[in-house]
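Chain naming follows the written order as A, B, C, D, E, F, G and H, and within any one chain the residues start at number 1.
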Amino acid sequence: MKKVAILMGSDSDLPVVRPAADVLRDYGVPVEVRVMSAHRTPEAVRDFVSAARENGFGVLIAAAGKAAHLAGAVAAQTTLPVIGIPVKSSTLDGLDALLSTVQMPSGIPVATVAIDGAKNAGLLAVQILAIQDETLAGKLSQARADMRDEIVRKDAALQAELNK
Amino acid sequence: MKKVAILMGSDSDLPVVRPAADVLRDYGVPVEVRVMSAHRTPEAVRDFVSAARENGFGVLIAAAGKAAHLAGAVAAQTTLPVIGIPVKSSTLDGLDALLSTVQMPSGIPVATVAIDGAKNAGLLAVQILAIQDETLAGKLSQARADMRDEIVRKDAALQAELNK
Amino acid sequence: MKKVAILMGSDSDLPVVRPAADVLRDYGVPVEVRVMSAHRTPEAVRDFVSAARENGFGVLIAAAGKAAHLAGAVAAQTTLPVIGIPVKSSTLDGLDALLSTVQMPSGIPVATVAIDGAKNAGLLAVQILAIQDETLAGKLSQARADMRDEIVRKDAALQAELNK
Amino acid sequence: MKKVAILMGSDSDLPVVRPAADVLRDYGVPVEVRVMSAHRTPEAVRDFVSAARENGFGVLIAAAGKAAHLAGAVAAQTTLPVIGIPVKSSTLDGLDALLSTVQMPSGIPVATVAIDGAKNAGLLAVQILAIQDETLAGKLSQARADMRDEIVRKDAALQAELNK
Amino acid sequence: MKKVAILMGSDSDLPVVRPAADVLRDYGVPVEVRVMSAHRTPEAVRDFVSAARENGFGVLIAAAGKAAHLAGAVAAQTTLPVIGIPVKSSTLDGLDALLSTVQMPSGIPVATVAIDGAKNAGLLAVQILAIQDETLAGKLSQARADMRDEIVRKDAALQAELNK
Amino acid sequence: MKKVAILMGSDSDLPVVRPAADVLRDYGVPVEVRVMSAHRTPEAVRDFVSAARENGFGVLIAAAGKAAHLAGAVAAQTTLPVIGIPVKSSTLDGLDALLSTVQMPSGIPVATVAIDGAKNAGLLAVQILAIQDETLAGKLSQARADMRDEIVRKDAALQAELNK
Amino acid sequence: MKKVAILMGSDSDLPVVRPAADVLRDYGVPVEVRVMSAHRTPEAVRDFVSAARENGFGVLIAAAGKAAHLAGAVAAQTTLPVIGIPVKSSTLDGLDALLSTVQMPSGIPVATVAIDGAKNAGLLAVQILAIQDETLAGKLSQARADMRDEIVRKDAALQAELNK
Amino acid sequence: MKKVAILMGSDSDLPVVRPAADVLRDYGVPVEVRVMSAHRTPEAVRDFVSAARENGFGVLIAAAGKAAHLAGAVAAQTTLPVIGIPVKSSTLDGLDALLSTVQMPSGIPVATVAIDGAKNAGLLAVQILAIQDETLAGKLSQARADMRDEIVRKDAALQAELNK
């Protein structure tokens, strides 16, 4: 199976990013988590990313805050799909990271998820890998069913409590 | 090869969405363009999307403006990867469509591209399909090289003109 | 009397939504509170909403945060009036939920109240039901008078305290 | 049948507001269109609105731009449901009118539709009146079906054109 | 001397508004603080404001949050200068109150100060009254000099501490 | 009577600012219009403003766009009331000018009107001067009455046209 | 004298960027204008920028729109001062480019000027080079004086025209 | 070596601003920290700034919040490069300060860094002084290398911990 890499600009982003890795592990997708910065270690980004396809990676996830260039810098070095997670920081409530991640120029797409949306970034990577993988696709369907059942149970519990 | 579907909420979005179809055709990816609305034809969306995987689709692209729910409504009905194109309308400069598309809740990701970023939506779909397809991957690399060469030529032309 | 349903995408929204139910109960309007998600249980939403009119509901209230599609998804399945409550979440201060709820396309209106404005959602439902219901209308007038009197009392108290 | 009033702060808003009146007339709902300003003719607003229920009105629609106070000023004078249309003006792209209309304090709701969303304001009024009116409810269902059929036709036309 | 009235929509706004009253008292300007709501007690607002000039008021200050209509509603009832204080509430960081206060239509100005800028609202009222009042004008000049001296002292203290 | 000065940072702002001068002349208030820039001619601003009170000015109006510092720079040099007009420029739709004008620090208020709200700036200056001037106050009341009558006439005309 | 390089991501940005080059030429500063893209030709950026200091450049200017990464990508490859020009594009009025340019992480500053502020970018580069260059400093002072004189002349002309 | 001055509008900004001074001291650049206000002590600003070049300063840094005029007021009095630090305050999350600092008119640039970006302001000043100073340039390169090494170490540590 193709691997997924999760890159973050600073190890302080780990609490936000960790759910992406957790999701991937839950699905049995091999994942590598790396600290690399578009601005502080551009060579490391270039070296890792430009070799990512031949090193067995299928999807790259990049998380960054503020002027969040990491996902774009990654996307500039590969034609693998790149998922961007805008990270909320202490000012502007994540809007800067969102716009810096999603408003990419023609030719270099970044698949952007919600601000601090690491879990969905992981899931999206699984969905991408599951296009050609029946087992993964089956697990995704099962998870949707579980999620649905959990809401149905919560609905029942709430009605029991509120609507007497 | 897996097919790609492009859904739009209104046929008036066609001029914005067309570059996505053009890119896919340029890469030889089979593409189906459909008009369906999350709010006006929810059953059509459900029927089409819930059968998309078995009908040979690999990626779904959805474009909508204002309270742009289409991509989310599509993502709710499939575990295939869904790409969302926020479409700028006459008020708020596309911000409403962007937030309505990208800020999805945990469990149902939408891979969002830039406002009116249809070309990148098409390219992202190609990148996703190219993970396991050497030929597509090769074409993507070639396109990057061509894009690079074009900028180098424009740079040379500009220097010739400006920096005499 | 017609019933009112309050739908929320997650039971974690209950603290925000509860004032809507409280208002309705205060006015003696029968209310049903349900957990249903536009994205995670779309079939449950469709089944409940498409049968709502024949099941005796007159108004539907939907609360959701982030890319808040629930009210729109509800409105797509019924011609009953739908009231949307945008819920503030951890990023963007509720702006995403507001725009996702209010900027609906032509043909499918959502009656949107303020961010986290559940009490007003409940009141608006009462006002709608009171158009043809003299008793409810009388209670609404009385509540306005009480509210006015309370402010007049607070004004008097403040003047006694501050303007000596 | 209850009447609907459409109030606008300035007759220059007529082109934006007219679709609300058109929708109401299409549904056979008696409608009165008035020019009244929260700031320039507050007495006219008060006199008209405070007598609206006894004069046979069931729903009031108010449209205003910039610091759009009209809907709120109307809502302060009646317990009838009030629908607010935020009108885009020459600066800030309608955001000021939207926030001024929707962010109402507890106790005085305004049912807000999209910026320049007059057609939906009219439809919402019809939906409110249709709760207790089978004929109107039937027309609304028919209109939804027509709308659905139109999109299905457009979808077919587009496929015929694009997907050869 | 003309009096100044400070109106607030809710007594919960008192902590934000109090500095306006404090400034006015410091300058010896007679001040009356009132709780009145544009939406909940519109008659009280109208009665107080329309008689304000003949009752000896020279300037009116109004503070409100969210869809902050109070200053505009006051301005609609008088040709005295009206100062608006937008109050930050739990969502949107005060932007809604600012736009609802400042974006007034032609003909009905509101002199808007910063979000939560009650002290400046009080000062502005003093400045207005001081146009024709040498004593007040002298006190204002003295206060500016004091403010300047305080900064100069703080600058000296900081340099002593930091620039050794 | 006290004079009013209107300062603008660039003579290109004249079309936006002119309504302020027109209003003042209509009311018979002596007005002086000047081009001065907070950044390009700070000495001219300081010299003019610091002498304004003794030169017979009662109110100063300042208009500027983008990082609109002019009103603040004027307010820093006088204790006369200063009215700020934020001017919309080619980017950001006037939001930058609004925030730069209104968000003044404690101690130095600027009475801010709407973006491009020059007419209201002029009116506010008249209102300020009218506190102690019965004649001006009378003209303001008359103008309000005329404005009210005009809207009543437009309302009647519209009803004649639309509500047949 | 040190040279200044102006980099833009696309030659379509030339009309916006040209004033930067014009200013530099007016001051006699040698300037090189290049088309290079952070995302499309990252190697060209790296090669040019990492050698810029030894090739005699003193300041680098970078202009880009949307998710404007160019200035940051340049700054990541050099310790020369980098000036960023956010370029307005067809959506979001330049806010995306501004935030993507200015909100840089600690360690990699970008000196950001106004949206479309190319002239100021050029001037800032001159100011930086003028710290150690008496001749340039003198020209800058002269330009300020000329600018001041021009405003004074315009002020006089306007007064002649308006204040008769 | 040229000195750097750091100006702040209030000593309460010191915690935000201090990293700028720390960086400069780390690089051995002489630094002077001053409290001066564009609005409260404009003369102090003018006197200090207009003499800054002849007093041996090479770069001026100004920090301010809300309607942050200080950097612009400084830039108006000198042709030295001026770096602006927008400071986040209690409302609007720093957006007001950012726009008030960066959106300067043509002719008077301010080199703006991120909201609360004091460390980068200090670094940018060092970079500017290092254009002609080999020793400083060497230190900057060393700091970049150290920063890179630290990230590489953190990456290794994280991989050791996470990717077992």
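In this text, contacts are C-beta pairs under 8 Å (C-beta built on N, C-alpha and C of every residue); 3 or more make two chains touch, one makes a residue touch a chain.
Since the model is a prediction, treat every value here as computed from it, not as a measurement.
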| item | value |
| --- | --- |
| Chain pair showing more contacts of the two, B-C and B-G | B-C |
| Inter-chain centre distance, subunit F versus subunit H - centres from mean C-alpha coordinates, in Å | 35 |
| Separation of mean Cα positions, subunit D and subunit A [Å, integer] | 41 |
| Approximate Å spacing (C-alpha centroids) for the pair subunit C, subunit G | 51 |
| Between subunit E and subunit F, centroid-to-centroid distance (C-alpha), Å | 18 |
| Contacts with 2+ other chains: residues of subunit F | 10, 37, 40, 66-67, 91-93, 95, 102-105, 107-108, 110, 114-115, 144, 147 |
| Each pair of chains that touches, named by its two labels | A-B, A-C, A-G, A-H, B-C, B-D, B-G, C-D, C-E, D-E, D-F, E-F, E-H, F-G, F-H, G-H |
| Touching residues on subunit D, where the partner in the complex is subunit E | 9-10, 37-40, 42, 46, 65-67, 69, 72-73, 75-77, 91-92, 95-96, 99-105, 107-108, 110 |
| Subunit D contact footprint on subunit C (complex, rising order) | 2, 53, 58-59, 79-81, 83, 98, 102-104, 106-115, 117, 119-121, 123-124, 127-132, 137, 140-141, 143-144, 147 |
| Contact set on subunit G toward subunit F in their complex | 88, 93-95, 114-116, 144, 147-148, 151-152, 154-155, 157-159, 162-163 |
| In the complex, subunit A residues that touch subunit H | 10-11, 14, 21, 31-37, 40-41, 44, 66-67, 90-93 |
